[in-house]
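You will see two complexes here that share chain A, one where it goes with chain B and one where it goes with chain C.
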Partner chain A sequence: MSVQSEISAPSARRLDSKALAKLSIRLGAFVAFGGILLYFALTARGFTSPYNLMTVVEQSAILGFLAFGMTIVFAGTGTDVQRGGIDLSMAANAGLCAAVYAIMMREGYGNALAIPVTLCTGMAIGLLNGIAVVTLQIIPLLGTLAVMNIAAGLELTLTENTVVPVKTPLTKVIAFGSFMGISTLAWCLIVVSALLVWLMHFHRIGLRLYAVGGHLEAARAAGINTGRYIYGAYIAAGLLAGITSILIISRLSSSTPGTGLMLLPILAAALLGTVFSRRFIPTIGGTLLATLFIGFLANGFQLLGISSYWVAGVQGALILLVVAVTSFAKRN
Partner chain B sequence: MTAAIEMRGITKTFGPVKALTDATLMVKSGTIHGLVGANGAGKSTIIKVLAGIYARDSGTVMVQGKELGAITPAGIEAEGVHFIHQDRLLVPTSTVAEAIFLRNEPRFGPFINHREMYRRSAELLHQYFGLELDPRALISDLSTAQQKIVQITRALANDAKILVLDEPTAALVKKEVDNLFAVLRRLKADGLAIVFISHYMAEIEEICDVVTVLRNGTDVGVVTPSDVGIGQIVEMMTNRDTSEMYPRRKAAIGGPILSAKNLTVKNTFQNVSFDLHQGEILGVTGLLGSGDKELLQTLFGEIDSDGGEIILNNAPVRFRTPVQAVSNGIAKIPEDRRAHGVATGLSVGENISLASLDQVSAKGFVQLGSEARNVDALISELGIMTPDRQTLVKNLSGGNQQKVVVAKWLSCNSQVYLLDEPTVAVDVGAKVEIYNLMNRLATEGKALIFLSSDLEEITEMCDRILVIYRGELIGEYKHGEIDSDQLLAVASGATIEERKSL
Partner chain C sequence: MSIKASAQNTKPRMPVSLETFSNYAIIAAFVIIFIAFSIIADGFLTGENMLNLVSNKVVLLAIVALGMTIVIGAGGIDLSVGVSIDLSSMVFIMLIAAGYAGAIGIIGGLAAACCVGIANAILINKLKINPFLATLGVLFIGQSIQRLSTQGGVPIYLTRSEFSATFEAIARSNFLGVPTPIVVMILCILVVYLALHRSVFGRYVAALGAQAEVARYSGIRVPFNLSIVFTACAMLSGITGILLSSTVRSYVPFSGDAFLLDAIGATFIGTAISAERRPSVIGTLIGVFLLAVMRNGLLLIGWNFFWQQVGIGVLVFCVLGLSFGLKKRSE
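Now for the complex of A and B:
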């Protein structure tokens, strides 16, 4: 015999305080975002000019695409980012893809061949991550770190650590074109964001991917082929790295060493994005907001004449803060 | 007529532990088939083999006359077999509706039809359980019982033909259990085959048409509970006479060792005062959320009190952390052994020694010889079913893991033991062993606080019983003054008049 009780409202008090804590963290994130924008608007000359705002959005396309890739990996391998998976090869992969595209253009292959090969390179690196994490069961932090080095090494081998200039009609359209007053890069960000919001939040693929990341055993018990979804997440991230590489080349008119340094901002954006979600999980919308936030932060620093070296430090601090805050919120 | 499920000669080993040996399970459609056995008898294992979570070493599995090779979770669901696992297998970050419709999402073109998903979730929860639960609520915000209900609703939403429920009622209250049983009977009438696994023998007798009894990884009999009765089933499970269920000792109760005076934790419990004596087993019970668990946590330094005082050996104490409580000779056996009790990746021996390393250490080194002697003695005393002390705890069954937790605290020689639901989800045989241990501790002059929601064990095992209701201590009874029915009435807040009429 067991004691009876009401199940409809157990520990309602604790639930309320928990919900309150979560709500205050989310509100705090929005207020901090708004506050910093306001501060820059008031103090940094030219911050609010349409040209400047558009520049930030354009710059955000590149960071955003890569952060989306990281978000997808987070969603599929552990919405609890500390214990779950990660893709450290994201930035190095984009660098490798850029090198592949630039070298193929230099050697005279057309876009019709160069673009598919570039995208396949990205997906191949993603596949490699999948093999390391799913098939070989290496912890993602180490597995993708190794793959990152492979990608970085291949990039150096291809470019011999030099700048490989690229100029094609396509890259010109991406860099300078516009449609309805909005530049191509901004369009890219809008279209890809919308597509990914649909896939991740309104399509069953996304729901199942989040289930795999949220509780692997539960997803498996529900009959989801979890390994396939994790492979898919890494390959999708690789594809995004491939697409991004073409945007990078378009902006810089060349393949340039150093793309791998984007890893920190990518991580910062994907992690910061979790604060904007009700469930404290990585979402496309949250990552987009976080990307813009980081973009505006860097831009504001520039306009205020603060050394850009500070930006990396701020991004690192953001990662620490976000991870601390979200894990605190989850513990309660 | 072909059987809905026909499992023959199933064998499964985990490392050195043999979980199943040539086990057979036959279930017909239109019946509710009980599966019982002591902890470690292989109930969960045989179910996980059917679910495709574990691959069987040998044996055949047929579902509705169709022989299955390697089983995958998706494949078995496609055969119409649905599982409600003992572990709450739900995604904590998903909503109620998402959990119910995962892999069966209502669609609107290329979109998930969220509105339809929410509507149907609310409808199903209401229809089957009469429960008004927000389909948008997050799983991590739900209570244990609510999560269990979501799991069952998920299977029902998927039109299961064969339903396997592993300890479905463990976290449910009476009303929900009754609702569940009504649902199961309706599903049975619809021709479903239902496999029902439970430790609660009364439930087995109430709901099951046929029962398969497992012991030590093998089926030892198929019986009709209404013919043979609970007693015989329990004997088949344990090879033990049921009259030994609640061993009583002759209590030699000494002076007070731990006292609470007007102990208060805001919004949780108020003005709780009691004395705990040497050699005493003091029962504490209350409804879910009554504050009884928090009382134990306060005594152990997990929660800081807002008022009143705790007196240990005639001196007021205030523990701010469990470490302080442990160093003052207070031990706690936590309820959730996986979360708090055992390091599953360590060996049996290492776990048992964890809390008592001071005693087996000398000059900074663990004295492996004395550790091993200590550990081996406890393993044999508690009857922990393990090949040796080097076996990893994760390879043991749930009941044996619980015994390891108990052994860990026994070995540390405390003066006060706080036991939080030590027998929950533990089979009859292991329960008796835990009761014997409690008795032994009390006889040695230790003081025990025994928190349980199993009112029968509380009334049988305790020298005194405290009842907490909505944060207040509303009743204190000596052994034999109250039976479990009356205790239930008190704990659920019945008025004095209602109590008298019992």
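Now for the complex of A and C:
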């Protein structure tokens, strides 16, 4: 951006304004986000209260974690959903992990055993995705779809499609605890985002992962073990699904069927996140913004008293609007 | 790539190359699974069960999957097939409930589905949104439309006898001894087959799917063809919606969503039979039959719904692993 404005600045004022217009279109996503926040702040009573803002951040933690997993997979395999990678099993995996944790708690195992087993379940499903996509070379969309069926089926067999209540000190702390005035769930989101931003954008692992996702052959030629990175991306996504499952259980005090339905919101958040990045690639920060965007939209509608029937539609329309604005920017 | 290829040439050639075999792996797996179920599942290989399998499991999914085949063939994806199914079903049932003739209902339903396709086309062509996000947005909007028009998702049941004649005529009638839904499916298969594999339009679709930019530079009218592709997919889903609601004599909101992942799965399973891994009508039909046979067979050997899910996932995983893994080994 700075290079462009430096070039255009000395030439003519007309060009300068053109660059400015470009910049504003490019920032369209941010403007849209800010505009909507401003609108809610002005019209929806109680929107700006710290309590409400905190609630939205808390609610966004679950969607955000899962969307981070999807973002990592997208970063390592490219956002072309047909040919590139995608992890359809993400939501079903979180559901399966939640079922595993809830059942182990019901059977009387302690957290010391249940948490590692839950996280390992998540990573095992991730490993299965890796086997499908890297070793067997199945199209990711299809391979992870099969894995999604397996995970969803296992969840159903474990819970027999019922609610399995869980109440432990740990889940209570996650759901209701707070530290320095910020609740545990919000802390989880902040810490994990910071960690992932560091790992993905300031560490060589992230750089190499982006290289693999950007151009597989080039990354391989540069000496990166591409298969291992893609395996890693899927396993990391699985691990995040495992962690999320514990948050889900804490919020709902149970393992509840229907976690698999989060798949589309996860995809929406991860793909919408690309419009917040300068080069329109999936980034952790972008995904975080997109998740909060979706969260604030739902919250704002609720406060304005708009019928919940409208929420999905207006969310869809706004997502389309933001994406359309940025796709115009892309062409310029 | 070239180094690998030359290395391969020095290997002794097998009578049937691994690559050729990998293309037939799906068909072989289908035959093996079919034979296995015929042996172990009582009542699997009976005329009654086969007719039930085709008319209940295959017809609806096949028509949606045909639409998905066109879209995926053109390099896109349509997540809004569920919306096309539901809106078509909703308008159809509402018109019938309002006392209109069946034909008006069908036209209304197809028009609703057509609108979904046109909306997708506008978003993709005019606003340049990628198909995945565009159809995802339409999916969300479609869910809202259904909630708003049914007070939050209340199903509409038309079980009274005054409506049964219309539904009988669509779902229960025979045409030359073949149930009408199956006739409709065969017609759809023929039309899509001719359009995709025997027409200029089909070549354009293939070009779009292979290299959209190259297709544009070679003078193919990309927006026009994409519009047809997405509208066709929505219309085929609309036909499914009408068949579905005539069969169950009701409109249940969001019931179309169940078809989405199966349709995508069937289409991509079908890509395994072509050497270039491209979607084709024949491949998609094999995918649809594979899914239907697995479901039906697992049900007949007494697995409950939960284990069926796991079973299908594992079977699909293994079949694809075989097909794609062999393909990889052969390269």
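The working rule: the second predicted complex is superposed on the first by the 275 of 332 C-alpha atoms of A that agree within 3 Å, B and C clash if a C-alpha of one lies under 4 Å from a C-alpha of the other, contacts with A are read in each partner's own complex, and residues count from 1 in each chain.
The definition used in the following text is that a residue touches a chain if its C-beta (ideal position, glycine included) is under 8 Å from a C-beta of that chain, and two chains touch if they have at least 3 such contacts.
What you are looking at is a predicted structure, and each value in this text was computed from that prediction instead of being measured.
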item: Touched partner set for A:Phe328, first chain B, second chain C, both or neither; value: second
item: Superposition-derived comparison: chain B or chain C, residues of chain A touched; value: C
item: Which superposed partner A:Ala29 touches (first chain B, second chain C, both, neither); value: neither
item: Which superposed partner A:Ala236 touches (first chain B, second chain C, both, neither); value: neither
item: Contacts of A:Ala61 with chain B and chain C, given as first, second, both or neither; value: neither
item: Partner chain(s) touched by A:Val164 [first = chain B, second = chain C, both, neither]; value: neither
item: Partner chain(s) touched by A:Leu320 [first = chain B, second = chain C, both, neither]; value: second
item: First, second, both or neither for A:Leu264, with chain B first and chain C second; value: second
item: Partner chain(s) touched by A:Ala152 [first = chain B, second = chain C, both, neither]; value: second
item: Residues of chain A at both interfaces, chain B in one complex, chain C in the other; value: none
item: Complex interface listing, chain A residues touching chain B; value: 1-8, 10-11, 13, 15, 18-19, 79, 198, 202-204, 207-208, 210-211, 214-215, 217-225, 278-281
item: Chain C - residues contacting chain A, complex; value: 72, 75-77, 79, 123, 127-130, 132-134, 136-141, 143-145, 147-148, 152, 261, 264-265, 268-269, 271, 277, 305-314, 316-317, 320-321, 324-325, 327-328
item: Sites on chain B touched by chain A in the complex; value: 51, 53, 72-78, 83, 85, 87, 89-94, 98, 102-103, 105, 107, 110-112, 114, 131-132, 138, 141, 143, 145-146, 154, 172-176, 202, 267, 285-290, 453-456, 484-485, 488, 491-492
item: Residues of chain A touching chain C in the complex; value: 81-82, 88, 128, 132, 135-139, 141-143, 145-154, 156-157, 160-161, 264, 267-268, 271-272, 307-317, 319-320, 323-324, 327-328, 330-331
